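Some structures to go through are shown next.
Here subunit A shows up in two complexes: once beside subunit B, once beside subunit C.
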Partner chain A sequence: MEPTRQETATSTSATNKPKPTRKRPFSGKEGMASSVFIWPALLVVLLLSIFPLLVSLYLSFSRFKFVKGGFEVKWIGLLNYKKLLFGSEKTHFLGKMEQPTTLGWIIFIGITVLLIVTLIHYYRSDRRSTGGLIFRAIVYAILIAFAWLLVITTFSQGGRPGTMVVTWIYVFVGIVIQYAVALLLAVILTQQLPGRRFFRVIFLLPMMITPVGVAYLFRMLTDTGKGPFAPLWQAAGLGMYSWVNDPWGARIAIIIGDAWQWIPFMFIVLLAALEGQSMEQREAALVDGANRWQIFWNITMPQIIPVTITVVLIRMIEAFKIVDLPNVLTNGGPGTATESLTLHAYFSWRALDLGGSAAIAYSLLIVVTFFGIAYINILRRRFVEE
Partner chain B sequence: MSVKSKLFKRKNINAPSPIAKIISYTILVIWTFVVLFPLYWLAITSLKHPIDVNSGPYYIPFVDFQPSLYAWQYVLFGDLQNDTIRPYINTVIVALTSATLALILGASAAYALTRFRYNPKLGTILLFIGALLLDVVLTMVGVNWAIALAVAVAVFLILMQVLAKRFHRSLGNNDIAFWLISQRMLPPVAVVIPIYILFQRLHLLDTRTALIVTYLAVNLPIVVWLMRDYFQSIPIDLEETAAIDGASRYRIFLSIVLPLSVPGLVATFLFVLVFAWNEYLLALFLSGANAQTLPLTIAAQNATRGPQWWYMSVLILIMIAPVILIAIFLERYIAKGLLVGAVKG
Partner chain C sequence: MKLRTGIVIAVLVVVLAVVLAACSQAAPQVIEKTVVVTQVVEKEVEKEVVATPTPEAKPYEGVEVNIVTFTGPQIAEPLQRRAPDFEAMTGAKINIITVPFSDLYTKILTDAATGTNSFDAWVFAPQWMVDYILPGYMEDLTDRVANDPQIEWDDIAPFFRDFSASYNGKIYTIPLDGDFHMGYYRSDLIDSPPKTWDEYLEIAKKFQGQDLNGDGDPDFGSCVSMKRGAQAYWFIHTIAAPYIQSKGTSQGVFFNTKDMEPLVNNAAFSKALDIYNEMKDYGPPDSLNLDVGDTRALFTSGRCALSIDWGDIGTLAIDPDTSVVADKTGAMIAPGSTEVLNWDTGELVPCSEGDNCPYAVDGVNHAPYAAFGGWSGGVNAAADPKVKDAAYAFFSYMSAPAQSNEDVTIGITGFNPYRQSQFLNRELWVKAGMSPDFASNYLGAIEDSLNSPNMVLDLRIPQNQKYQQVILDTAVSQFMAGEISKEDAMKQIYDGWQELTDELGRDDQLAAYKGTLGQK
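Up next, the complex of A and B:
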């Protein structure tokens, strides 16, 4: 359990350490009660996650074959991973790599400079520690490598992103859009407008629909021949253009569907946070003559940053697992342009390549864990725990 | 401006100016349309004959096309009836049971993590994982699973006696909590094959029990995570007073802590209920004709003749109806409940 230990090293001093005991009125039966409370939950999770996790890990190092009367598992070491990173699955998994375009260079250099500036900023601050510096240097180096991969596949002449990069696009573009819209709606509904409860309930609806249902629903809506927007489509002169056959058209359709379903989640959490903030500061600022924009930027935003960071983390974890929409809407196509990592793993599983499927799933797990830990340690510790 | 009018103005800090009002309502109406139009399309598609769907977009019932209850009849009383009722019952039972169990087990664990101090030894944990790995490897290379398990347990116990005292480093409550939430990062596809094999061995494949247990495990971390922060926000003084009066931990939990956390419990419950209600991938692997849930029925309408949009629309509508009713009913708890979890989570 690598992630758990890393987390320990850096954040045991979090806010919710049990307070030093003042006066402990509880005693005696405590030992018994503390076991009764926690063990049932731990046992269930242990049984259904640690065990399958280990089996999957083993599978990812082996070749799985059905033979007469059962199956055969043969240990092949790192071959499955090697195939994904360097072998026959490389273009499928990582993408086709070419020279970056000018835009690609700009993006890459922008990200790199930004990360280095952040690192220098950290080095100069009084929070720095050797451990923290090494941790950040490693994280940023990996992030720069990821940025390079993104640029040479997505923003390059003739390159194309593999399932790993496509999943990043879904996650990061999706989160930015979802957060922006959700925040806008939440800010509007914090005002005292008549009918706000009505809007609040309406805005929650998409979250309640099963993702498979949403996927089919969007397939109906985006049909350029019989869908509701077909006449508009024709009028705009796009009759001959089919988004399904255009990699970016298909990806945008999936990002829109995902946003439609998950904006409600961000919205409701942000709304709750906005309504829970203290009034006094805002009132004081208003009396001092600050305008609404200043109040929002200097008083409201800092107060909702902890919620923002948590809600983005939750969405990030969930978005990495996106599968239903690309599966139903485009079936991963055109080619593999919209295939997410989970879908890739699912296709491999369907082709009975269980070892390869497990290796993809594990790569996904490693990447999510990396982003999760980097995010928690760098952003959350900076904004929340100070 | 007099002091009095200033005071009056302060009260209305949230009241928007007329221009802000117009802009706000414009955005709200646009977004309402964005949310409702797909649902409207779903509703009218469920009222169309296949021919009305296939011959191009029609928008308004009675004007553009003649609505009929053909699809509704087919799904609820016709040929598809058995394929609807049974999955519906399955979905209700699986979602309610797993959400309730997750809430009970998860809330207790969350309470324990906020009020007790745990110090699991790192060595013990590593040893435990090592023993599990040994068990897995032995089973995979063909040793009978009972023997493999016995060997693993024996190795664990023996090494425990010998080595445990040498490890001094121990973990804390935060590590347990982080470990739990890290289970959420797991893509279902990474664990579904072993879970499939596990339930196959237990002869529980294609039963509601298998789905309930799986969803329970998947949902527990969310419950623990959300409820932990909720319990933390409850002042400990009340509990200490009760303890001095002689109440036991169980009594305190049941009659003081739980009643105080109703909004958090409700929001969390709704959250995990919706998840279990809508889950597709795990159900796809773990259930067949017997324990099939509704998302599978919906996907099954994408038959060889192409997607049967009209049946699909009916199914999606009858599937979201109860969830929406619950959500409207519990709306005022949701925001309150999620807030506490989110601020500190």
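Up next, the complex of A and C:
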């Protein structure tokens, strides 16, 4: 326990007196008693989180097999990871790689130039440090490699994204859509419109529904043969077309379903941020003759940036784990087009490939941790702490 | 402070002591109560015996049997419907637990392997039994069957008795269903049903987009399930079989019996993939998301000119509540081919040349595929002996002609004929609502498949579920979705099967495969 503020003030003011020895909060029997109370909780935490984490790490380096009278776990080293990155699971996990199209090259060069410019900008800034520079160089190199993987699987002739890239699409495209719509709704509801309290509750409803419920709801809505939109679909001359038969149509259906469920979360956080912003600056800007867009862009946005960065981080970590929607809505299909990393791990587990499943789960953990750390260190520090 | 710490420790010690004492006393108390209950039950049974002189009544009073199968309504429905009758007769309470089809294999295996044993018996695909028998999870039912006149074992068609129910000469499952892939067509629209897959596609193309049920909406030429992770993965071999197997049942369609090389990277499998892919163009727009239940509903609602399915459409078509095609349905043996694979060159050769197709009829090689083998009941070897007896008795009751001959005529059951009496007694079917002509047509199609010397046996080697439901299903569904090319799909299946065979031991797998085909 830290000394209280009062204790600290007293000790600094009485400089002539001998420095009081820092009293340990618990010692002897007291310490033992506190340990007795803390250890059970600690053991539960260790048992429930650290132990499975270590066991699954071990499993990712093993092959699990049922044998007569039980099971056998055999150590196979990096074979499960090798299978995912270079072996028979490579096209499923990473995707089918082909030469990028012109659009693919433009996207890749664009991302690369942007990252290099950002790095140079950091190098020229006052806040640069050697550690920061090395960290950024490594992060940007990995991001460029990821961008290359995205381009050669998704923006290429004959290529196809694997579960890793499909998950990135769900995360990044999904979050952009969710943030844009949530911000728009939040801005509308900060206006003095009639019935805004009612809409505030209505907009929150999708978040209350279980993801499996949302998935079944969208399964019904996207059924172009029997669903409620079937007559409209027929009238539009699309009776013989179903978007769940098309890989990109199915992915879009999942992105829409996910957005529908999670827009309310972003909306409520952004609404709170908008309503909590200081009015003085807005009023001063109005007096100075600024228009609505200028006020929004120059005054409102900077104020909600810290909240934005936090809410995007939370959604990003959550979105990487998407599984309910693709499982129920399309069962990962058509083919493996809508399979996310978590669903891929689940299907491997269901096929009793526990080692392969654990390897996918650890790959996901590494990717999420990478994006999370890179995001916090680069964006958050730049926009929030400065 | 010290005093307070002392009090805390003392209180803690006392609490711990009380908890320990409570735990150590709890067990004997429970045992004591159990004994009392048992005595009461015994006394009640004794009283009942004295009151009614029928000692054989309710032999399984108080026994509870948990049986797992897949989420129906098919298969689960007859088990759930007949369970109360069985309980009234024997006293055994039957609980039917359902899980999605894609989870069934793993649920059974993990439940038994981990020693959880929450399921006392299973109704499952008999082709998986090899993975349950070898580790010793399945009860040998040979003696029980031998001492059970009620089941009328000899009435069960030899194929289901010897192949689906038995392994290494011992009986492990009780057949409840008979399964073959066969074809269905709209007899009011099609005069001459397709004999080959090329003719099938021709007819499907002709009817695609036409209104077939008079509701003004365009309908479909062919309805075949193509959904991944469902029961669709058998269909590719239904199409490929007549192109691969021509020399009789013992030839097989999955591997070359010389070296266990997969028969998926050749002209025959390539042709089958083309046909399956073209079927998609003549089917419902969301065909890649349709399971067999969906395609059956589409056929019986009059929306399809053709379909490939197990025997289910035949009985569902006569259900007046759901079907509009009761008198408009025809059944046929699965279409065949006029060319077959030369196993040495990997190319297709015409049936008309030499002795390429010894079993061809009118120049067409048919190879009806006994896909799945029919839902069957197996008993968990680790269950309590009394529970095992009750589980077997329930399966015997379900399979006995008195029950089964009725169930196979009801569409919702998912049970198709597998007993000789069910094929011979056409009156049974007419009574259920089939016209005499359709009864002959439907049963004739199944009999043609069952009696074909070129019938195709399903894969029944260790880990067959992984070969088919994981590797084959994934690659075929990726190809159907346009995610990978045909060549990539064939290579993916080939490499995946080779990898798995090497992992499990090529010689062992080859011996097992040859064993199922009757080769030495």
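Here, the second predicted complex is superposed on the first by the 340 of 386 C-alpha atoms of A that agree within 3 Å, B and C clash if a C-alpha of one lies under 4 Å from a C-alpha of the other, contacts with A are read in each partner's own complex, and residues count from 1 in each chain.
In this text, a contact is a pair of C-beta atoms (placed from the backbone, for glycine too) under 8 Å apart; a residue touches a chain by one contact, two chains touch by 3 or more.
Computed from a predicted structure; not experimentally measured.
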Q. For A:A236, is the partner it touches subunit B (first), subunit C (second), both, or none of the two (neither)?
A. neither
Q: Could you tell me if A:T336 is touching subunit B, subunit C, both of them or neither one (first, second, both, neither)?
A: second
Q: Using the touch definition from the top, say if A:P247 reaches subunit B (first), subunit C (second), both or neither.
A: second
Q.
With both complexes superposed on chain A, which partner does A:A33 reach: first (subunit B), second (subunit C), both or neither?
A. both
**Q.** Greater subunit A contact set [subunit C / subunit B]
**A.** B
(Q) Just checking: does A:L114 make contact with subunit B only, subunit C only, both, or neither of them? Give me first, second, both or neither. (A) neither
Q) When the two structures are overlaid on chain A, which partner does A:A137 contact: first (subunit B), second (subunit C), both, or neither? A) neither
Q. Taking the two structures together, which residues of subunit A meet both subunit B and subunit C?
A. 29-30, 33, 36, 225
(Q) Applying the document's contact rule, which stretches of subunit B touch subunit A when the two form their complex? (A) 6, 9-10, 12-16, 20-21, 24-25, 27-28, 31-32, 34-39, 41-42, 45, 53-57, 59, 105-106, 108-109, 111-118, 122, 125, 129, 132-133, 136-137, 140-141, 171-176, 178-180, 182-195, 197-198, 213-214, 216-218, 220-221, 224, 228, 232, 236, 240, 243-244, 248-250, 253, 274, 277-278, 280-281, 294-295, 298-299, 302, 307, 309, 312, 315-316, 319-320, 323-324, 327-328, 331, 334-336, 338-339, 342-345
**Q.** Contacting residues of subunit A [partner subunit B, same complex]
**A.** 1, 3-5, 7-8, 11-12, 14-19, 23, 25-26, 29-30, 33-34, 36-38, 40-42, 44-45, 47-56, 58-59, 62, 73, 181, 184-185, 188-193, 197, 199-213, 216-221, 225-228, 230-231, 260, 268-269, 271-273, 275-276, 279, 282-283, 286-287, 292, 306-307, 310-311, 317, 320-321, 323-324, 328, 341-342, 345-346, 349, 354, 357-358, 361-362, 364-365, 368-369, 372
Q. Quick one: in the complex, what on subunit C touches subunit A?
A. 1-2, 5-6, 8-9, 12, 102-103, 106, 109-110, 113, 131, 134-136, 209, 217-218, 227-230, 280, 284-289, 465-466, 469-470, 474, 477-485, 488, 492, 495-496, 499
Q. How about subunit A: which of its residues touch subunit C in the complex?
A. 28-30, 32-33, 36, 66-71, 88, 91-92, 96, 158, 160, 223-225, 234, 239-242, 244-245, 247, 330-337, 347, 350-352
